[in-house]
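Each of the next two complexes has chain A plus one other chain: chain B in the first, chain C in the second.
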Partner chain A sequence: MGVSFAHFVIQTLNGIVSGMILALVASGLTLIFGIMDVVNFAHGEFLMLGAYVGVITLAATGSFWLALIAAAGVIAVFGALVYLTTLRPLLGRDPLTTILATFGISLVLQNYALWQFGPVARKIEEPFAGQFTLFYLDYPWYRLIIAGLAGAIIGALWLFLKFGTYGIWIRATTQDRVMAQAMGIPVPWVLTGVFAIGSAMAAASGVLFAPLVGVDHAMGVDWILRAFIVVVVGGMGNLGGSIAAAIFISLLDAYSSLWVSPSQSIIVSFVVLILTLLFRPTGLFAPTPK
Partner chain B sequence: MEPLLAVEDIHSYYGKSHILHGISIEVGRGEVVGLLGRNGVGKSTTLKAIAGLVHPNAGRVLFDGQPTIGLPAHRVARLGVGYVPEDRRIFPLLTVTENLRTGLDRHGVSKAKKEELLDKVYQFFPVLAERRRQPGGTLSGGEQQMLAIARAMMLEPKIMLLDEPTEGLMPRMVSQISEIIDVLHRDHVAVLLVEQNVPLTLSACQRIYIIEKGVVRHHAPAAELRVGDPIIHQYLGV
Partner chain C sequence: MRPRQPVVFWIGFGLIVALLAVAPLVLPVFWRRLLTEILIWGLLAMSSDLLIGYTGMVSFGHSAFFGLGMYGAAAALLSSNPPNLWLALAAGLIAAAVVAAFVAYFSTRLRDIYFAITTLIFSQIFYVIIFTWTSVTGGENGITFDRPPLAIPGLFSQPFTATTLHWFVLAVVTGSYLILRRITQSPFGMVLQSIRENERRTRAVGYAVERYKIVSVMLSGLFAGLAGVLYALQNQFAAPDFVFFVVSGETVIYNVIGGIGTLVGPLAGAGFFLLLREGFSRLFTVKYLAPVGLGGLAGMSYLVPVGLIFIAMVIFLPQGLLGFARRWLNR
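Now for the complex of A and B:
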């Protein structure tokens, strides 16, 4: 079974592209988990709703960039509201309660989307593709730009966490919530803010990826499964690890689909997940466990 | 003149156990006050109640005339309460400078003021200046204690709550702690010191409260107490 060099290069690119999007989804998830130990099962639905906000804004304004910004903004506010009304009252309880709550929210949102927008997938394509018809001859260019944008958003998050005052507040709260309060950091606002940022990142990934897959009520389910694999393999709460794991898993997925059908290739991800849980439960890319 | 801090008859429970049975303490502006007592009598809980990290079930805490029980801890900190916990609780993955910035980056602090505050602690703790880019978790115990105190000073506190600052430190470091308390005193920062080290507490403080089983048993100017005093012996066993 010979695999041509061109085929290999294309799959490498595909793996990196979906890896970057996956990294964007997973970094929101892992940021939220790291700071409040909440496993947000509704993260995929935030992605899906973000994509719908993108579809609507795009239809109204014709601007992909506006659609991206609107989706991130609307879903950030929505995420903050979900956090304040549903998760904040549950903080400090058994983690199972937040898992059940976010799972419930995800079901509600999925069915809401089905009821509101119907079962037919929508496409975000024309305006964005139109903007890039120059490169239309070379189809992968169009994907690479999306990967670059995802990378830029992750990079901006990293800079914000590393150097910004609010970034220091977030990291301090992640490391010791009680001491952060004693230092005058408004921890309740930090937690709400992080949930909003994580939700916005999910929404942005929804819009960025929508041109490749189409938008329907179930699009979040696919992503959330992969994002969870990535977050576990990368080490729960470890941002750098999640990004490395996202690229790693997506490349594995892409290469394995050279030999098996793409729908079977996700099995490889699960094998990696199971091996990680068995032999290195703190994550493949985690530094020495604390 | 009203005291800077007035703790009035606070009661606190941890689960079912009654930790504080009506503690009352006062600290004047710029005053250095010591809390002595055996382990587990409620000294640390008293400090946490003042810092807003524990919410007493009864009683009042007035800071600068304002009741603070029920305020979120970050609001209490911003009123001017610097808390240095027993286990230091340095943010282990933040660098020394970032640890300091957790208290420094507040609204209403000018850039010049921030630099002045940073310069001041770096001059006072040159070892922190040397290690400013190092993660807090890599510092030695003594250095972490310096950092914990320096970090609380970033809040420009009116009072510093020090919980066993000499615990586990080398003798040379212990004398540095008493120097730090002197400097805070000269800067008119009040100090509420919880300690096991009786000689240091007696020499650093102006007044002493002795606590047993969650209540104040004895209260005296430090000058009236000596190491080996029967009262000290009775309540602390030293």
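Now for the complex of A and C:
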């Protein structure tokens, strides 16, 4: 089957758009892992709950941007509460116990959402209806705006970590928890804050992506698996690597769906994962460990 | 010298097996079915305990081995005429072993959390393959097939009844328990436990840690495949839902609830979980909830309360239900 130049360009665009969303999800996950050694299985459920908060706020106020902010805020508070009640007691234990606890959280949240909101997917209207012509397609502007916004959020996070006072606290905590505590940084609250930030990022990506696919209780599962792949391929706990890996894998995914059905194209990302594990188990985009 | 096997242990073991053997004769149909199912899920949980409890690697991919055992048995039952029980067992075990070898080779390169995530993603690979390869696996709908007769070639052949099926499952699970117990107490099992305790030191002492890990993943996968074959025999269908990673997650839950590193614990955990499921599924109806003022909760999935119980157990009872007896059970 011939693949025209037009197909190629469109798929490149699609790949970058979904890659940016995936990068947003994965950077929340990798932030939480890198700083607090917690593998957050419930990250996808925070995304899903964020999307629901977005749906509800949108129905009440009619403003997409308000919905985005509300979702991020509500889920940040919710994430902090989840952290305080279930993960803080596990501090200092084997990181594997955090997988177990967050897996439990994800089961509870997913089934709660199924019961609360029902099995039917909710639709969100795209905040911008505009389209531009790309070859034979009317490509919606909204998709490009998502990619830009996701990039902006990640960029803001990076600036915050690099220059913000609290960002420096966070980095200090990552480097040496005990020393940071000794210098007067309130480490327990830094950890809670990081979990809240990560949850808010998941919620924001949920709302941003909702207009493309609809919101249902299982939407988190798909994302968490893809985000795990990205995080392993990018090198766990490595923010830049996760972003690069997210875009790389989404592009491959988009190109391969030129030839096979989209449900099978995820296998390509599995293959990338296997090859990474074989030849570079520390991550494709991580610096070589000495 | 290790202390001699306590007589009490074998008396208790004999009593429980005898009770489980008599159970189908007295229990009503529904509970008999549930008991058989508990045994099968218990075997799956036991198989993953070899990794979680003894080698110290948490596998989130046991659904792949379970599912491949299931589909392997299904393939054998559909392609042979008349369906043959032993052929199904062999096919299921071979399918699970091949997959386990594949997964073991790649995933044992990584440790801890990375191992957990990698096994999870591998099980999803097989899920996607089974889900999308509709012409062979039946896709989303799965495949149904007939149950083979219980036969020993040349001796006898008779169709399974619910009771003989239960006995067959009980025999397989008991046998697997004894084999797994023997494995964990063998020199090989001791090396696995020393990997769990201190991997670096084990390597320094001179054991080829990677090889031991690969073999333990394969053994574990083999027994998980056996559980898959039994499940296929009991329910006469195979579906992609059983390859989905939620099944692996539940397997880990059984282990944690029951107590890792005990082999019996995971089985008890499976029983506890399935009983909770039945209990909450029955309770969460308007009939029971309305009188206590919780009518609004009707229709909620049992996984919400069970998940909350699980989280509480991870925090407050990390040893699990049978964790207190770990030393005694492993003697």
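Of note:
One rule holds for everything that comes next: the second predicted complex is superposed on the first by the 275 of 290 C-alpha atoms of A that agree within 3 Å, B and C clash if a C-alpha of one lies under 4 Å from a C-alpha of the other, contacts with A are read in each partner's own complex, and residues count from 1 in each chain.
Operating definition for what follows: a residue touches a chain if its C-beta (ideal position, glycine included) is under 8 Å from a C-beta of that chain, and two chains touch if they have at least 3 such contacts.
In this text the structure is predicted, and so the values were computed from the model without any measurement.
Once chain A of one complex is fitted onto chain A of the other, the partner contacts of A:Pro188 are limited to chain B, with no touch recorded for chain C. By the touch criterion defined above, A:Val77 reaches neither chain B nor chain C.
Once the two complexes are laid over each other on the shared chain, residue contacts for A:Ala101 go to chain C alone; chain B is not touched. In the superposition on chain A, the chain among chain B and chain C reaching more residues of chain A is C.
In the superposition on chain A, A:Ala172 makes contact with chain B only, not with chain C.
Of the two partner chains, chain C is the only one that A:Trp115 touches; chain B does not reach it.
Touch criterion met: A:Ala180 reaches chain B, while chain C stays clear of it. The intersection of chain A residues touching chain B with those touching chain C, taken from the two complexes, is empty. Residues 51-53, 72-74, 77-78, 83, 85, 89, 91-94, 98-99, 101-103, 105-106, 151-152, 154-155 of chain B touch chain A in their complex.
Chain contact summary for the complex, chain C toward chain A: residues 58, 60, 106-107, 109-110, 112-114, 116-118, 120-121, 124-125, 128-129, 131-132, 245, 249, 252-253, 256, 299-301, 303-304, 306-308, 310-311, 314-315, 318. Across the complex, chain B is touched by residues 165, 168-169, 171-172, 175-176, 178-188, 290 of chain A. In the complex of the two chains, the chain A residues touching chain C come out as 39, 86, 89-90, 93, 95-97, 99-101, 103-105, 107-108, 110-112, 114-115, 225, 228-229, 231-232, 236, 261, 263-264, 266-267, 270, 273-274, 277-278, 281.
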